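Next come two complexes built around chain A: one with chain B, the other with chain C.
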Partner chain A sequence: MIGVPRSVLWFLGSCLVLVAGLGLWQVLADSGAIPRAFFPGPDRVWTALHRGFSSGAMIGETLTTVRRMALGWALASVIGVGLGALVGLSPWMRTYVAPTFEGLRPIPASALAPLAVLAFGLSDGMILALIAFGAVWPMLLTTVHGVASVHPRKAEVARLLGLSRLAYAWKIALPAATPDILGGLRLGLTVALILAVVGEMITVQGGLGARIMIAARRFNAADIFAGVALLGAIGLLTNAALSQIEARLLRWTHR
Partner chain B sequence: MTAGVVGRARGLILPLALVVLWQALASIRGIESDTLAAPVQIVGALGDALVNAEFWIATRDTVLSAALGLALGGVLGAMTGLVFGLVPPVSRLMRVPVEVLRPVPAIALVPIAILIFGFGYALEVAIVAFAVFFPVLILIEAAVRGVEPRLTEVARLLRLSPGARIAKIVVPAVLPRAFVALRLAAGLALVVAITVEIAANPMGLGARMILAAQSLRAPDMFATLIWVAVLGWAINAGLVRAQAALFPDAQRPR
Partner chain C sequence: MTTVQAARGPETPIMAIAGASVSFGAARVLDGIDLELRRGEFVCVVGPSGSGKTTLLRLLSGLQPATTGTVFHQGTVQNGPARGVAIVFQDYAHALLPWRTAAGNVSLALEAAGLPRAQRADRIAALLATVGLAAHADHFPAQMSGGMQQRLQIARCLAQDPDVLLMDEPFGALDAMTRQKLQDEILRIVAASGVTAFFVTHDLEEAIYLGDRVVALEPNPGRVGAIFDVPLPRPRTQLSTREHPEFLRLRRDLFDFIQQFEP
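Right, the complex of A and B next:
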């Protein structure tokens, strides 16, 4: 036990706190101190998860939500980074186009849901469009910022080397903007999950968002908590995966 | 100064041109679609809305829910952040529970909140408070950690009691960064309040928008959307000004 670093011990202790919290919830639920109708104990949530997974319904709905989130996010990243690089690289676009983006920024992404309903109806396409349109903004703005704030000396070097604009974008501007772009992609991921849930709640076209909304109408609290736990897990895992990629891609910045 | 004005004027060219083009297309070809509305129609709808009492009630409902949720989540988050920042072992022990709860999208808690509170203010305030709690907690904890060590030493030399140390040293040192946290949280609170209204809660501006969309009243939907953007912009601008006035030394926001 001598070789165990302190941070690991703290982590284990912290896990114990989480377990103790769940245990306390169980005890309170069993004793009836908190109403079971709203806060079913962890045992019932676990049963709901188990039942959902063994019938296959919950796997399908989880995959539906993840698929929508991933597709919308990917669409948003292509548009956001592409358009962002285009705007960030051209001083002309930066003067005339970038202020419009900045002006549109304070509009909450979810406020576009009614617009998406108008354009696409209550459909699968509406959810995708909502995610893509909402998640594109952080990516767009961070890319514009990253590409535009490349050190001037690097731009000078590129000019001296006679690099074409495309080569400059590919070899200098985009690599230099990678930290900003990755930050934008991560923000976009959070937005994508939120909007997937919002879209599914409105349209009720399958997915975990629809599932928990339907469970609420049936007063099935255990099923809601099961769905919320899965959504939290999706958020935790996707974020962790992107952090890993980020750390790997940005190794060169930590000298 | 003039360069800034010219730059800003250039930035306005594109949106103005788009609005004019949109209006021109709408006037010449006539918009048959249920999806789009001509700018003139939208301005008309906004004008009608602004003299309509229901519109102001919706605005009040949204702003009030956001403000109450911000107050509740902000105070709880700031107090927790203060404890976490001052007592590192507590922060380390709570890390796993916080990291497990934080990625849960606040909006996913709406169905639970509906079961507990039913529709109305309480539902929305609770969700906004949850959404605001974690960012405030993390920003305040970081701010408390970042208090100049020399100030802490002074407190020790002066033999201040823990209460006096917090009130006289930590809180004043943390205030500028706490205000930045407040500004971010205020924007978030408005967004979450409107999202809750769009997704479920039948009140406020969000419900008004989704109702307009579902009954194919595009001008009304766009007018409310613009109003929401104006509200968000005004709240942020107001807080930026307050920040500049209260903490002139602190770094100015981007």
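Right, the complex of A and C next:
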């Protein structure tokens, strides 16, 4: 195997596993061991996807879900990183406010969905609020931790140079916390996708979540699987995009 | 404000510690310290581990307040860190910003001083050239050797345009060859900039090689045990200075002094 980079081998290997998995799925579906009504094979899912995309409906729904996910995630990021920096940089807030976060964090966001419906109606606003509430915690907690655990030497350097508190936050604490913060943003991304779908299933105002919901009412298993496959693809792609950004932002950590 | 040094002529010590002590809780770490730094001199500090060398340096920097007594900088009472007093820390890896390039790290000091962006580039280039890092302006600290990172920290300190440069075992983590090279560089930089140097070290020979005076601390609590004048000619060179009879005599005296406190 001389001359073939390891990464190429990894890639080929994972492709092989994927193909084998699809094959197994097809065989299982064709065997009829599980009723076809619940368990379509990849061929029928592919047909459903093809039909959905050629009619144009699925593209719009995918974009709707991605847009909601991205907006909710961005909202959570701004709140999480902003508030996290504020709390993490103030010893007073760290003592009195941070424990409240720990108390609120375990609340499942989906449990608050009815409350969000009451406040915002069956609307985009409700979905955004739901995502923001659920996705904000990992970002908030990693930011608090990140800016609070800057090495004390760096704080001394800032004091010696006479940096203002704002300059310290912007030039030292936040950059130092970037690896932590990016970890929180990544966790939040997964939560955002989940809650976008949950919200769409509740509001049924377009999007892949609504599409899956409607397909289920029509007992159209192939369409459900098609929607789920698309959600998987969204998760995969957005994660890959964030990894790219991360690699660029964390260039300095590589030796 | 009590001003012991009324006059501020060239005779005024650039820094002075008067009757200062430092305690952490009940533990008295420094006691009855009286010390003056004259303008432009190179003062080295030695002493057994735990004798308070770092605490003394932090006292001068303003990072560590005196429990009793007073610290003066330029004839006035010093109440906290001032831009005129810079520190080169031993742990350069923590003192530098790893997400900024060499140029960016020097820039931090200029940004803090409010220097307009347009004027920064030239200053940065000049400072990096002073410490021999002109070719590494775009490198991140992680891409640089320990010696280079320490040079970078020195450049950032110089960017503060300090009149006092405090150094806490700055070369302690470096190998012997790099150490000697940096000793000569710091002598050249200090001479060229006219800054007053205060240099803590474990290495008695390093203290003699660099210093105009060597302050030896006694432990428990930390006190100034003795001050040795170093009448060796400058410029100093690694081979001949270290073979100078005066160098050998001082090494003997300092060694005997420190030896009393070793268990």
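The rule is short, and it goes like this: the second predicted complex is superposed on the first by the 245 of 255 C-alpha atoms of A that agree within 3 Å, B and C clash if a C-alpha of one lies under 4 Å from a C-alpha of the other, contacts with A are read in each partner's own complex, and residues count from 1 in each chain.
The working rule: a residue touches a chain if its C-beta (ideal position, glycine included) is under 8 Å from a C-beta of that chain, and two chains touch if they have at least 3 such contacts.
Every value quoted in this text rests on a predicted model; they were computed, and no experiment measured them.
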item	value
First (chain B), second (chain C), both or neither touched by A:204	neither
Partner chain in contact with A:27 - chain B first, chain C second, else both or neither	neither
Partner chain(s) touched by A:108 [first = chain B, second = chain C, both, neither]	first
First (chain B), second (chain C), both or neither touched by A:154	second
Comparison of chain B and chain C by chain A residues contacted	B
Which superposed partner A:252 touches (first chain B, second chain C, both, neither)	second
Contacts of A:59 with chain B and chain C, given as first, second, both or neither	neither
Touching partner for A:163 - first (chain B), second (chain C), both, neither	second
Residues of chain B that touch chain A when the two form their complex	7-8, 10-15, 34-35, 92-97, 99-101, 103-105, 107-112, 114-116, 187, 190-191, 194-195, 198-200, 206, 209-210, 212-214, 216, 218, 221-222, 225, 228-229, 232-233, 236
Chain A - residues contacting chain B, complex	10-11, 13-15, 17-18, 21, 37-38, 95-100, 102-104, 106-115, 117-119, 193-194, 197-198, 201-202, 208-209, 212-213, 215-216, 219, 221, 224-225, 227-228, 231-232, 235-236, 239
Chain A residues within the chain C interface of the complex	151, 153-154, 156-157, 159-163, 167, 171-172, 175-176, 178, 251-255
Chain A-touching residues of chain C, taken from the complex the two chains share	61, 63, 80-83, 85-87, 89, 91, 94-95, 97-100, 108-109, 111-113, 140-143, 160
